[in-house]
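Note that the chains are named A, B and C in the order they appear, and that numbering of residues resets to 1 at the start of each chain.
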Amino acid sequence: MHRLFARHPSLRPWLLLLPAALWLFVFFIAPLFIVLAYSFLERGTYGGVIWQFTLENLRRTFDPLYFSTFLRSLYIAIVTTFFCLVLGYPLAYYIATRPPRQRGTLVLALMIPFWTNFLIRTYAWLTLLRTHTGLINVTLINLGIIQKPLPLFGNDFAIILGLVYGWLPDMVLPIYAALDRLDISLVEAAQDLYASGSKVFWRVIWPLSLPGVVAGSMLVFIPSLGAFVTPAILGGGKSLMIGNIISNQFLAAHDWPFGSALSTVMMAVMLLATLLYFRAVSSEERKALV
Amino acid sequence: MSTISLSNKQLSRRSQIAYLKKRINDLALNLYGLGGYLFLYLPIVILLIFSFNDSRSVAQWHGFTLDWYVEMIHDEQIILSLWNSVFVAVVSTLISTVIGTLAAMAMERYRFVGHLFMDAVLYLPIIIPDIAMAIMLLIFFNISGIGFEPWKVTFFGVRLAVPYSVIIGHVAFNISFVAVVVRARLAQMDRTLEEAAQDLYAGPWQTFWRVTFPMMLPGIIGGALLAFTLSLDDFVITFFTSGAGFNTLPVRVFGMIKKGVTPKINAVSVLMLVFSLALIGISLLFRKGGDKGSPIEIGL
Amino acid sequence: MKRTALSLITAVIVLGLLLTACGGKPTPPPPQKTEAPSAKETEAPAPAATEAPAGVEPAKEIVLYNWSEYIDPEIYTLFEEEFGIKVVEDNFSSNEEMLAKLQGGATGYALIVPSDYTVGIMIEEGMLAELDHANIPNLANLRDDFKNVPYDPGNKYCVPYQWGTTGIGYLSSEVDEPTSWAVIFEPDPNSPTYGRTTMLDDVREAFAAALVYLGYDINTTDEAQLEEAKQLLIQAKAGLSGYDSDTYEDLVAAGENLMAHGWNGDFLVAQEDNEDVAYTVPQEGGVIWVDNICIPVTTPPDQKLAAEMFIDFLLRPDIGAMLSEYTYYASPNAAAEELLPEDFLSDPAVYPPEEVMSRLQYIEPVGEAEALYQRLWDEVKSAPVP
């Protein structure tokens, strides 16, 4: 192995990729073909499939009802990603500029809230946000700051807050990883050079952290698009998300082929968007660096 | 912060203003960091309070009790499912961190035929809706004959049920998450250091372990933490890929939805928190001892 | 940084291993391989359940696939003490999840607890094993109306486990008892419940409520009737704070919402927190539901026998009473009723009076129309609030 690695540089990427490729081809890509195949089959009445070819499921995915749901989910996911970035970037910067000893602890402290149970965390938000009996509204009313309760619960605000909370660490981690290598003395040297903090940030720090921003945005954007438990509990479930529609096909409508078709189309669209996005950003990066 | 407070007296008026500005910026950043962590821990405080709630409700306060902790300790199934969650999370994190890091190096450091294709393969597990992934894995394990029945192994006299089907599923999605975070770290990593090391007679392996790996480490740790967290909290994929008789905590808790989630789960979550905080404490203690001689960090 | 990070990783790993090592202990080594069944177990004084088919010994461990917190764990202990059979519990959170998992090929569950219409589906799909009534003599303890449930006449495949109703829960200190589903379907902006009401986030339950109010069969497949129900559900949206099947009873108990469409047992549990929580079935009627215990068709004979012994055990009067006292749900077991406290039996929210019972309907599988229901429900959910 050692020798192979040393003597044949052209083989290196393949050797490095081998474990991931093996694992993903056997345990992900092979099963993925089941989803693809199911997209073209007739539904069993109560789940499962009947082995008969049809294009009906794919046709149904272009139904305007589902398209408008997709747009709505897209809006929620974009706003969530935006706020995660705005809140998460300074937090990552904060961690990256602490003394090295503290960084590990701070990163760990970032994740620990999420080692509690997801449902319980969501219910805790419920306790804070409820319109008439939530801690925030009750406190504000008792202090005389507001007369009428603020609409904190059962709306898009609550959904986005819940999602931002849930995915914030996914934004912070990659940005921190990218920022951490920044030599603070380098930044300070630049500060002397440019004299303005914002110039230093936009000319030195931001371009260097860009890969982290891109990765973090992806890790937040994609799961928010498919979220359905947080919208159901905090958003009051009065509107649908694309994640609901897909999981409902498997878990309520017993329509596996349509669920598969929706998943397939969504994956295709998202994959294309992701790859294009990465291409665009990495060429931007190169421009910025030159 | 205090590292640059070298020679205050010599600073000119202009740099004094700059210095003041910097102090204000530092203060703002510190406040921001504090605020950020407060936001993250706010619901956790609520969760902690309600673990002492004298009622079945996890949302309305009724008075203080320790009953839920007593009930938790006596609920063997809950404790067992907690260990199961941690076991699956640790094992799948270890495997996926190694595999994902190697993949990230290949993707970021080399250009080769099929690069775009592997890119797609690596992103797909993040993109796929988890219910679709869960059901396809279930069908796949079934028809391929891989099955779900956990392996029963004895490890140093301790009997373990190793739910390989669940671990396979978790690793399959975690590889991608690890790879994305590590790649963010690798993306523009300065290669001059490695080249310098190589110029200075270091072999490729030495260069890797002495230079490249330490530089990658924040990314690897970030990826591993993310994988661990995702695995610990996963419900859908665990539910569909586990064999009969194997439960993780999220599966048990989601099962309670229809009949009511009780503060017992808060108590279990608090137990997890206490363990994690103890872990931080221990690592801090160890580090204090280890770092004493290091000159750079004195005075911080 | 290297060292600190490394020590951190090491700490995580070491702690993880420690945890798992400790965790291993409570895992009993499940004696899967039924080598030689011990004599002790076969001689166990099982008064009725010993007439197993020749040559089959009951398995020593079975897995029960159940809703969470739906059985008094003490029952497992008593059963193991008497028969030497260990019952391990797994949980699911909805019928559909359990169904999808079994349809995907999961095996190993000797006992499952599906609700009525899911039983109908599973029978139609050939997923349930026929029960050997010779092993379940306590079946005679069932109340007569549960011996002939519409989805499984004659208890061929399943035995009712617990039952209840779907109606309206409300906060009696704030609002009057709702007598009609109109309080939900004709939202009045001047009513205190306006904007403080939830409906179940469940396609069949929501449509059942609307169809009952319209006076139609709740299992209708008539498109015009369903369209009418859909319009009604969209109309109701104006007065709803949301759709919720999980926390609605807590929200009523806390006073956040004043009224909720939901299952009776949930409101009874919420009464512990707030005694003003009340429950009623409106005059137009409501839904009756029954959870059942059944055996999947894939279960091997030794496990099936053990499973039947467990079903028989659950049907004993004292065990049946233990079950209901733990879950707050009504028992289908007539012999157990005699052991239950009077105030439990006379609580109309648990045991609806005769005239209410006559207005309850079962939700049944609707076959091909499932897709239509789901489609209309998606339209309701994505419709803008009127």
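We adopt the following convention: a residue touches a chain if its C-beta (ideal position, glycine included) is under 8 Å from a C-beta of that chain, and two chains touch if they have at least 3 such contacts.
If you're wondering where the values come from, they're calculated on a predicted model, not measured in any experiment.
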| item | value |
| --- | --- |
| Chain B to chain C, fewest steps along touching chains | 1 |
| Pair of chains joined by more contacts [C-beta pairs], A-B or A-C | A-B |
| Chain of greatest Cα-centre distance to chain B | C |
| Where chain B and chain C are represented by their mean Cα positions, the distance between them in whole Å | 35 |
| Inter-centroid spacing, chain C versus chain A (mean Cα positions, whole Å) | 34 |
| Gap in Å, rounded to a whole number, between the CA centres of chain B and chain A | 15 |
| Of all residues in chain B, the ones touching two or more other chains | 58-60, 135, 139, 218, 221, 228, 253-254, 257, 261, 279, 283, 287, 291 |
| Shared interface positions of chain A, touching two or more other chains | 100-101, 103-104, 108, 123, 126, 130, 133, 250-251 |
| Residues within chain C bordering two or more other chains | 1, 4-5, 8, 94, 97, 100, 246-247, 251, 254 |
| Of chain B, residues touching chain C in the complex | 55-60, 62, 75-77, 79-80, 82-84, 86-87, 89-90, 94, 135, 138-139, 141-143, 148-149, 152, 155-156, 158-161, 214, 217-218, 221, 224, 228, 239-240, 243-247, 251-262, 275, 279, 282-283, 286-287, 290-291 |
| Residue ranges of chain B touching chain A (in the complex, touch as defined) | 4, 18, 21, 25, 29-30, 32-33, 36-37, 39-44, 46-47, 50, 58-60, 98-100, 102-103, 105-107, 109-110, 112, 116, 118-133, 135-137, 139-140, 144, 168-169, 171-172, 175, 177, 179-185, 187-190, 204-205, 215, 218-219, 221-223, 225-226, 228-229, 232-233, 235, 249-250, 253-254, 257, 261, 265-266, 268-270, 272-273, 276-277, 279-280, 283-284, 287, 291, 297, 300 |
| Contact set on chain A toward chain B in their complex | 2, 6, 10, 12-14, 16-17, 19-21, 23-25, 27-32, 34-35, 87, 90-91, 93-95, 97, 99-101, 103-105, 107-121, 123-128, 130, 133, 135, 165, 168-170, 173-178, 180-181, 188, 191, 195, 197, 208, 211-212, 214-216, 218-219, 222-223, 226, 243, 246-247, 250-251, 256, 259-260, 263, 266-267, 270-271, 274-275, 278, 285, 289 |
| Complex interface listing, chain C residues touching chain B | 1-9, 11-13, 15-17, 19-27, 29-30, 32, 63, 65, 67-70, 73, 88-94, 97, 100-101, 104-109, 245-247, 249-251, 253-254, 265-266, 269-270, 272-274, 327 |
| Chain A - residues contacting chain C, complex | 43-48, 65-66, 68-69, 72, 100-101, 103-104, 108, 123, 126, 130-134, 154, 232-233, 235-240, 244-245, 248-255, 258 |
